[in-house]
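Each of the next two complexes has subunit A plus one other chain: subunit B in the first, subunit C in the second.
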Partner chain A sequence: MTGLSSKAEDEFGRLLPADVTPSARLFFDQFQRAGLPGRRVESWHYSDLRTKLRAVPEMAHAPDDAARAVARHKLEASERLRLVTVDGFFAPDLSDDISAVAGIDISPVGEAEFFGGAADPMLDLNAAFSRGGFLLDIAVGARIDRVIEIVALTGAETDRSRFGRSLIRLGAGARAEILETRDEGFAGFGDSALFIALGEDAQLDYACRCRETAGVEVQTVNVMLAARATLRAVSLLAQTPFLRRQFFVSLAGEGAELKLAGAVILGRNDHADMTMVVHHNAPACVSREIFKYVLGDHANGVFQGKIVVPPHAQKTDGKMMCRALLLSDEAAMSAKPELEIFADDVACGHGAAVTKLDAQQLFYLETRGVPHIEAEKILIDAFAADVFDALESEVLRDLLRTDLSDLLGEEEPAS
Partner chain B sequence: MLEIDNLHVSVAGRKILDGLTLKVEDGQVAAIMGPNGSGKSTLSYVVAGRADYEVQDGTIRLDGVDIMEKSPAERAAMGLFLVFQYPLEIPGVATMTFLKAAMNAQRKARGAAELPTIEFMKQVRATAAKLNISQDMLKRPVNVGFSGGEKKRMEILQMALLEPRFSILDEMDSGLDIDALKTCAEGVNALRGEGRSFLVITHYQRLLNFITADVVHVMSRGRIVKSGGPELALALEASGYAEYAEGAAA
Partner chain C sequence: MAAVQQTVDTVKTLDVDAYKYGFTTDIESDKAPKGLNEDIVRFISARKKEPDWLTQWRLDAFKRWLTMEEPRWARVDYPKIDYQDLYYYSAPKGTDGPRTLADVDPELLRTYAKLGIPLSEQEILAGVQERRVAVDAVFDSVSVVTTFKEELGKAGVIFCPISEAVHSHPELVRKYLGSVVPVTDNYFATLNSAVFSDGSFVYVPPGVRCPMELSTYFRINEQNTGQFERTLIIADAGSYVSYLEGCTAPKRDENQLHAAVVELIALDDAEIKYSTVQNWYPGDSEGRGGIFNFVTKRGDCRGARSKISWTQVETGSAITWKYPSCILRGDFSRGEFYSIAISNGRQQVDSGTKMLHLGKNTSSRIISKGISAGRSQNTYRGQVFAHRKAENARNFTNCDSLLIGDRCGAHTVPYIEAKNSSAQFEHEATTSKISDDQLFYCMQRGLEAEEATALIVNGFVRDVLQQLPMEFAVEAQKLIAISLEGSVG
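Then we have the complex of A and B:
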């Protein structure tokens, strides 16, 4: 154990049900040994969960009728094939009957089905507590034309701790477009995990929009790509009181390709931390990471990106870029791009930049009659929206673009 | 239409405009000529409302209304337009989006309804064709990757679409070859008439061969030092600005 265990760790121990499975107990022990991560843990330095999570809310339970009614109220009509979770539990009765669609199979997830994720205390905590997630299987060679949407909702009226854990698998050569909408309300604590495994030559466009995340929330996405598989994953984060969204990616098969991108739009005292560790575990894999932050008021943005290239991963092509636009003097950005390269025939690079809105461009727009606030929105939109181009799916791109301009339209950018 | 009275302006403690007084009548095309550093571009920025200038004294009136406290956008909605000497590139903002935002913002400020998209497209296409602006240019982000001539034609396109009552052309001829200059000048001349005035800022008389000025003012050391008819421009072309620079120094 590292030092004294904090109050929160004890509370988690108290919440652990008496009848936990042996493996859940193992994960919890692992979590306890590492402790709740904080400033002293290098990979969590900028997101001090230890200080942030003083009290642990009661566990969320499998949704009852009342909880389902609360969640149902938030669902809007949609053309998409929808999978709904309530407080992390898959809710088939709120979801579309997705199994009727050829090539898609949906089932409750079993503990044995997850592939090994990264060594991370919050992922261990998730493994210890999670129950009730789903397994989404896209069959070998299947082409799914309709967008599948995962909607994460809450059914709780008060603070709860949520531990969603689900798995998406695409068989060899399968293609799909998945949208994840996380709208679990501002309250409580969340520690979710999503596992994505792509078979050989499979292609997935995955867009996640996170709004109104929990008071303290950690989201972990574990990715495993087989040979020549392609994942294009874009996140749009906004209105996050305290969010850490972390990607652990293994490019496990030769020629796999990853595009990881995101736009982070924060105001108030919002804190969002995008952390990613991309392991090029096979030769000739390509990864591109591009993230844009727009920070107003007292917002705090964090970017940590690490590309790891072991000796055998020759012909690796990895590039990482992070840019932040500061709209106020009180907003802060911490960026830590890293490369760990042990192979000699690679092309890798990274960059980070922090800027302000260009006064000359603003003036130019204003002389054309565009009021100052509008001109700012146009420039902010232009700054952030190009990260969505990482997606091939036009539908998902347009969705995120619309979301972004709605977001910018709602609030006046802080100055 | 535009009345500037005793304008004193500094930038970072350095005096640029030193008691400038100028009047441009309704329907008039007035040229301002002057050597480098005489304050011509500063004048255009201050009239357009750029914030980083320190105005110590003086007034600017447009149609009798004092515009000193008005924002650049408010001035634009009143009918003011500036053709930039160096138009800005704005990556990520589609030209059509920009044009529509500008046209609708001004309509909104004047209490008019938004332009229907079809009508907007029609207007842009027709005006662009007259200025040799291709559909491809309209598809690109604002001014990004445009040549100097293309940028200036885009400025004239904006001017033609926004139909300003008072336009300032800040060295419109810089960076233009003779054909592009003709095209731009034709765009300006097409707008000339009752109810529209122009302030043409230039170093060279050449531009005035294409846009005939009603009056010519000579600017030196931050003020107007001489005014006359088009013949004054021709005289300047022959003799240069030495006389005015020395005169101001004395």
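Then we have the complex of A and C:
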């Protein structure tokens, strides 16, 4: 984009190890050519990394004993099958023995196993620096009853740059429920990538909760769906100082189905950007995107969604919705729902709405004796909670609902 | 589906080869040499005997333009324009004072007759109740004849070429020119500021309701002449004006650049209604030779309770880059944008609007209908923005696209930015072909498939057609309805 490289770009170059692999070098060169994205790059207009990332923290190294001890301390007891990463590195000794469960295999992942992701500078940067991610394989036809939880933790040194890069694969007809808990609470910089590939007829419920991330963080999720595969993915983002979470989805097989949803609850000076590009690359695919934002204080919410339908993807059915509640005069919302359509026999639509809490609804509750603060909570909860219906897994749905109630309970919504 | 096929066929009749306005008038014209530099800017200014401040204004714009880059963000693709290979000034010969129709070059009148432009007595269109239309006809760059000036004068309305207004009403021109679209606004607007040829100037005094619809016809005639119209409309407190703009252009081989600037200013309680039917040459079936239409249109609702309404029917041009916008500065002001954009052949349209809510209790409404056929690309790009202080800003946006054929594209790129919690923005967009459900619903009630299709397509654009003034609705329907409502008759 620009010929001038910012300070941050130079620093990334300095962090690149001497023994860098040729493929990593290639990715890095690609990143440098595009430059650190900022306001002048259309797809990054609302999340200006160039001003946000002035200095690049030191690289995080594979966790040592001290880091593991810190991470272990953060882990709470759980019934879920846990898969733990520390600073983006897979930590088998902290994880449950997942491979013992029939149908699941977990191993370190190599660069060759990833499928091609989207063209995005931050994804290139991730590919150049990442090491030590995992490959989670669910066997053909396997039905996993227990929820698999990916727990992303940080080690002792919090002010670091982290580049997790992992892959989840479901064989044909497999079914699973995955919860990702990102509890990294660090001051540094994060640029992670998760790849999800579903075989034919596979079904995955994937819920991700992000709370109290700190510093500057970019999360990229690349999704590839084979014929008739279904992915239901829901994100709950809260109190994120500067987060960009982006989904690049390819509906590659006929009849694939995608449900993408999310609730974004922000206050303080928080900034969260949900960006998604959904490519309907095969006929008769269905996609539904629904996102709700609740913005208080000086929070800044961003939604960018794009549905792309090439000429051969006839019978495409795509619908995208984004709604935002502004709770304070200083909060701001920017939404850009796009359609890019080259096929004629399609039904595509999008909607976007920005409002404040409805005075009449508040009044209704108050006349029935509900205190003002309580009434606000009820309305906000009702506004946001229905995005979780995108999930089929009741366990995950309840979990996110509880999380949302906790979030709304602990903070007095600004009025 | 037979009915859809018929719609496809009828749209094809609109195809570029069928462009019936492709002829050139053979009259002598007075040109500046090719190319663009300070001397040309001075030459244009001198030819128009402009005051010094305006010459300086143009030169400042030109200097600024040299430092700017051509924008590339729109979804349009065209060969690089060589700005030094264009003529920047061309005036029909003998323009020193045709006062009556008889004085006008008969060749020119015949051209207008071919275009069906109603001059003087022809202004009352068949079937329309007796209304008067004042026509400020623009032939290439200089306004040749202005009718109904006297009657407008009685009401106090000033309607004249801007080159004349510079001399007759310098205080108004100087006060308002460039106050909505600043000289530095964008590449094409800056170019226009440097070399603008002519255009219309309208001033409606306080409390006056303009007694007739004002209209202007643009026609690009001279080969290789960039056309740089500049329109300035001011509606003073409590006034109302409706302005119609229609365009046709002759057929030729080389691409032509058109970079107009339109500025509207509505003061307290004033209302401006600006309607456009654009039917410039879209190029041949391979997309060669069409007009490049890079227009900056912006209205400023400067006063409280003012209102600006844009209505456009876009069927022509090879490349359209056009975003008629409203700055809602006054409290309780209102902006409206109604658009039908039809693309066919190899046309590329990137059009939409901007609604910038700055004042309190402002409202806006956007209705955009895109129809793509052939191998065309049709993009809606719009921004709705509420400033932190824009309390109770309200917007409703609806953009629908209809695709006819599988080689065209329809795209929607809305930007919704709210920085005020009391803002209420709603946006909806759909892209589809004619819905089977709707067809079924109509047929269930006894309509034939063809009638049902006609009804649905008709309904698809009706919201916008209804906004056009009567005179224009006729022309607009001639232009698009032949194809889209063709299955009715």
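Convention: the second predicted complex is superposed on the first by the 410 of 415 C-alpha atoms of A that agree within 3 Å, B and C clash if a C-alpha of one lies under 4 Å from a C-alpha of the other, contacts with A are read in each partner's own complex, and residues count from 1 in each chain.
Everything below uses one rule, namely that a residue touches a chain if its C-beta (ideal position, glycine included) is under 8 Å from a C-beta of that chain, and two chains touch if they have at least 3 such contacts.
Remember, it's a predicted structure, so these values are computed and weren't measured experimentally.
Of the two partner chains placed by the overlay, neither subunit B nor subunit C lies in contact with A:75. When the shared chain is aligned, no partner comes close enough to touch A:395: not subunit B, not subunit C.
The wider contact with subunit A, measured as residues touched, comes from C rather than the other of subunit B and subunit C.
In the superposition on chain A, A:386 contacts subunit B only, with no contact to subunit C.
Within the superposed three-chain model, A:368 lies in touch with subunit B and out of touch with subunit C [touch as defined at top]. Touch criterion met: A:332 reaches subunit C, while subunit B stays clear of it. Of the two partner chains placed by the overlay, only subunit B lies in contact with A:378; subunit C stays clear of it.
Once the two complexes are overlaid on the shared chain, A:26 sits clear of subunit B and of subunit C alike.
In the superposition on chain A, contact of A:140 is made with neither subunit B nor subunit C. For subunit C in complex with subunit A, the residues that touch the partner chain are 73, 388, 401, 403-433, 435.
Note for the complex: subunit B touches subunit A at residues 48-52, 71-73, 75-77, 80-82, 84, 87-88, 90-93, 97-98, 101-103, 105-106, 109, 141, 158, 162. For subunit A in complex with subunit B, the residues that touch the partner chain are 359-361, 363-372, 374-375, 378-379, 381-383, 385-386. Interface residues of subunit A facing subunit C in the complex, by the touch rule stated above, are 42, 311, 314, 324, 326-356.
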